[in-house]
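Have a look at this one.
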Amino acid sequence: MTGIGLKNRNINKDILQVIILSSLLVVIILVAGILKPDFLTAKHLITIAHDTSILGIAAIGQTIVILIGGIDLSVGATMLMADAVGAMLLGGQNRIIPILICLGLGLLIGAINGAGVAFLRIPPFIMTLGMMAILTGSIFIFAKTRGFASPILRYLSVGKVGNIPILIIIWIFLTIMMVVIMRLTVFGRAVYAIGSNPIASYHSGIKNKIVIFFVYVISGIFSAIAGLFLLGYTGVPELTYRGGGLGSDYTLSAIAAVIIGGTIFTGARGGVERTIFGVLVLKILFSILTMMGISGSGKLIAQGLIVIVIVGTYMKLEDL
Amino acid sequence: MGEILKIDGISKSFPGVHALNKVNTSFSKGEINALVGENGAGKSTLVFILMGAMKPDEGKLFIEGNEANIIGVHKAKEYGIGAVFQEPSLIKNMSVAENIFLGEQGRFKHRGILSYSKLFKAAEEILNDLKVEIDVRQLAGLLSPAQRKLIEFAKMIRYDPKVIILDEITAALDYESVAKLFEIIRNKRDEGKTVIFISHRLKEVFDIADTAVVLKEGKMVQKLELKDTTEEGLINLMMGRKLSEVFPKRISVGGKEKKVIYSIRNLTIKGKLENINLDIAKGEIVALAGLRGHGQSELLKAVFGLVPKNSGKIFINNKEVIVNNPVKAKMEKIAFISNRREDELCFTHSIRRNIALSSLGKRQRAGFIIQSKEKKEVSDISLKMNVIAPSIATEVSNLSGGNKQKVIFSKWLLTLPDLLLCDEPAEGLDVGAKSEVYHILRRLANEGKSILLVLSDMIEILNLPDRVVVLREGKIVKEFSIIGSEDSEMLEKKILKASVGVT
Amino acid sequence: MKIRKIVGEWYIYILMIMIWVIASLITPYFRQMSVFMTIIVFSVPLALIALGQNFVILSGRLDLSVGGILGLSTVIASVIMKNNLFIGILFPLLLGAVLGLINGIAISKFRIDSFIMTFGMMSVCQGIGLLIRDYPGGYIPSEYINFLLKETRHIALTPLFILIIVLVVGEFVLKRTNFGRAVYAIGNDDVIAHRSGINVSLIRTAVFIISGFTAAMAGLFLSAVMASGDATVGSLYPLDSITAVVMGGTILAGGRGDYKGTIGAVLILTSLARIFNLIGINIWYTYIAKGLLLLIIVAIRMFGVKQEREEVL
């Protein structure tokens, strides 16, 4: 008996999603360009480029975590931790060791998360939530001296090659690197398989625990990288606490970007390449709203509605 | 007596399969009807539709002459239809009593609030009427499969439905329980109720039912009086072809040296298996039989390292091997296919990804997959296994059950196993696919592989394996060598007796 | 065996008493009634929100919008109460229920993931709240505040009553009504529940209505404590309520747990904050303690629970 219905339902849906996203992006940019011609100038686009890249880098790690069927609520907290610790240790000097320490910190945080989820079977939501709480407390206790970014870091974060900010190049490069790993290596296959069906993967001899562990390590490292570039961009660490858990706006934005990009929570579909769309849609929309003079409250409402509408549309697609 | 239920042109499709195709039949009051057909013939789908748990794509249902719109299980109950489904239908974390009265616990009030003592008492009364002795306070998850089925029966029968549907209820039941059940069913028939009895155990069908409705691949074949036919006649109708066409020939024993490769010694899993000792020879197909849930699946899983054992050793060619997880099992060239396809396949992934999954390490260089090698090996094995699909990029969810099973086989064959452990390899497949699976297994055996199966379908047990090992309550009770044995009816009786513990 | 069962059910209260005993030994301040009253008062909002969240989690979902609904309720109260106290109480409650209804329908009928839907709802609510009042302010009538927070002989009666009533109602509905039992059934296995005749969509929607309603109630209480309306005051509550529910014994996947454990966890969390304050420990340590406590309790539970299924990870 042969199949009934669309031959490759999920793969077709994938293509549809990409089409919807790119069209949405084009429409948004065009509308923005019409409403405010300034929007499309290089000058303006560059102002959002850095924020976008930083969110984009953090979202890379989050994508992989969501792909494997988990979630990382400590992304923002790890970012700000690396931000503060980096500033403290660098103190404005061009030194490599503090950078390595910060990356190591991200790795450690990821490793603890991964160990809890993979080996102790603590649900990812709880594990990373607990980690976020611990980091929230820790950062304000331990990161006392302010410090600031080193010149090299500043240059990387703020500098340009021609008209293109270096950060964007770094973001794209990291994305391509991860896409290659996810699509072409054994590790990547394992991640997709576990996300799609952990039982089937385990039955097939995949070492679920180890793969899941490393996924969280990766997320931790990417969060730390994003945090370091955040430091480089703003120059000084972000030590204001806005409630809801440290860095929660970054975390939730990253999650929103991943979901909008089309990677779904059950982890069966999507990929790092999709998150680029999600990040762009989120950031450009925000920027348009800012340009239109809509205040912070309006942006919040818009963000909420957008996420719901887009995901709702994806759900409708599922039913086809 | 009059007609109670009429099924008029009911069809239902899922992606990849026509589960029901314009089925027309009717059932009368005061009758015990058997609904027979192979796994995948559409019986369970029909049950879901009759119980309002699924909507048919087309067709109508009539109850006592009036058109019935059964949307939702509560509606089915209103119409007087009750069913015990094939899949487990109890909430594991709730007590037996709550399960029996699920959705209506609040009926039992004491001074206005739910009284658990009244609930328990009412549940006890129901079980006493059925002469079932189970502690109603226990969590349903802690019961044995047989006990769960009895509770599901109690849960259904208390509504005193006019149409009683039983889907494979006897698969896990003991001899006495089956006898009790049959007595209740006969009483219900005498009261004028209608029973639709689904079972693949044709002996039981002839024992209890008056008529049989035969489904084959979603279509209605025939409704006939059981007194007008025989088991073989029924099998022919169900399969549409002769047994000898379905099953591959077994190589006769005579003179063939049996070289034992795999030995299991003293394998014990507390509560499930006790002191299992088993040998499997090269090129041999061994089947574990007996009532469902008596340790057969656990034995396979223990050999594959999927569940921990309390004691026991496994020897390959007289050398002890430690297999306590699937990774090690794979290294020892052991493969395992469970009885749930949803636990063996990533449905949203392509055929290629699924087939490649168990053997990724064999086609990689520095962690990167060698794409050309993968494409070739996957294509080759799909061809060899006769996987029918537009391409290896096709998503697995679109495939029919038979093709899904072949994809699973392909996946494991790429690991070049020497021992294959399969739990109900042909369950849920149409007869063509079943036949393919049987032939695949026999071919692998002829190539020298050892195969250990779990089978519950008597037709399969009598026609596929070389040796049958009957398990009862986790212990091996009897072994039968099929090749060169006496006539199958005698053998069937012996196997059944061993399964239910009658000596 | 029996001891194991009792500990399994009451561990959170055992822990709570231990913490209280240790605290009263460390600092003399802790033995004062006023401290306990502060704990009771500050526990009320979280206890209310955790009640709704408990229902949602038991049914197998999550509600992140509770913080937004809470903030919005305080804002609306601070605007309306000036003119009409009754409407100022009624409107937020109704709104909370309606927002919960929207959540519920989106999640059960349109099958939008609960994380996404409630996350979006949270943003929307906070945004609307900020539109109405972009910085904390507004007017909350003093009679209202007095009624809720007045202390009679050093005991804050109303908050205490609220906690007791909430505990009784929560446990009662969950354990002694069809609705509550249906919530457990759905959280365990919604397919089986559906086949047994339970209206899964209805129950799913209902738990979100409850969650929205309790969030509004929490907001009404909090507005009295703050004596103002603040749209952003709720941002910590979603994650804190989930923390309390899980700490209290409810499994994140749903189907098992109860509310008395949750209230115990709420009391512990509030107590810790107070105790640290009294001892003079930096307030930020409460976050660390919260995180560690959550992880340790869940880790221990994971070890304690016998793994009957086969190894999956």
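Should a chain be cited, it is by its letter among A, B and C, assigned in written order, with residues numbered from 1 in that chain.
FYI, a contact is a pair of C-beta atoms (placed from the backbone, for glycine too) under 8 Å apart; a residue touches a chain by one contact, two chains touch by 3 or more.
This one's a predicted model, so the numbers in the text were calculated from it and none came from an experiment.
K.L.:
Moving only between chains that touch, what is the shortest number of steps from chain A to chain C?
P.N.:
Between chain A and chain C, the shortest chain-hopping route counts 1.
K.L.:
Go ahead and name the chain pair joined by the largest number of contacting C-beta pairs.
P.N.:
A-C
K.L.:
Calculate how many whole Å lie between the centre of chain A and the centre of chain C, each centre taken as the average of the chain's C-alpha atoms.
P.N.:
Roughly 29 Å separates the two chain centres.
K.L.:
From the mean C-alpha coordinate of chain A to that of chain B, what's the distance rounded to whole Å?
P.N.:
45
K.L.:
Using the touch definition from the top, which residues of chain A touch two or more other chains?
P.N.:
Expected reply: 199, 202.
K.L.:
Which chain C residues reach two or more other chains?
P.N.:
Touching at least two other chains: 311.
K.L.:
Two-or-more-chain contact residues of chain B, please, as numbers and ranges.
P.N.:
In chain B, 306 touch at least two other chains.
K.L.:
Touching residues of chain C toward chain A in the complex: what are they?
P.N.:
Touching chain A from chain C are residues 62, 67, 106, 110-113, 115-117, 119-131, 134, 231-232, 235-236, 238-239, 242-243, 246, 252-253, 282, 284-292, 294-295, 298-299, 302, 311-313.
K.L.:
State the interface residues of chain C toward chain B in the complex, per the touch definition above.
P.N.:
By the definition above, chain C touches chain B via 172, 175-178, 181-182, 184-185, 188-189, 192-199, 255-256, 308, 310-311.
K.L.:
Name, in rising order, each residue of chain B that touches chain A in their complex.
P.N.:
Residues 13-18, 306, 326-327, 329-330, 336, 338, 342-350, 353, 356-358, 360-361, 364, 367-369, 371, 388-390, 393-395, 397-400, 402, 411, 415, 430.
K.L.:
Hey, which residues of chain A end up touching chain C in the complex?
P.N.:
71, 73, 116, 118, 120-123, 125-127, 129-138, 140-141, 198-199, 202, 208-209, 212, 242-245, 248, 252, 255-256, 259, 264-265, 295-308, 311-312, 315-316, 318
K.L.:
In their complex, what parts of chain B are in touch with chain C?
P.N.:
Interface residues on chain B, with respect to chain C: 51, 53, 72-74, 77, 85, 88-94, 98, 102-106, 113-114, 141, 155, 301, 306-307, 325.
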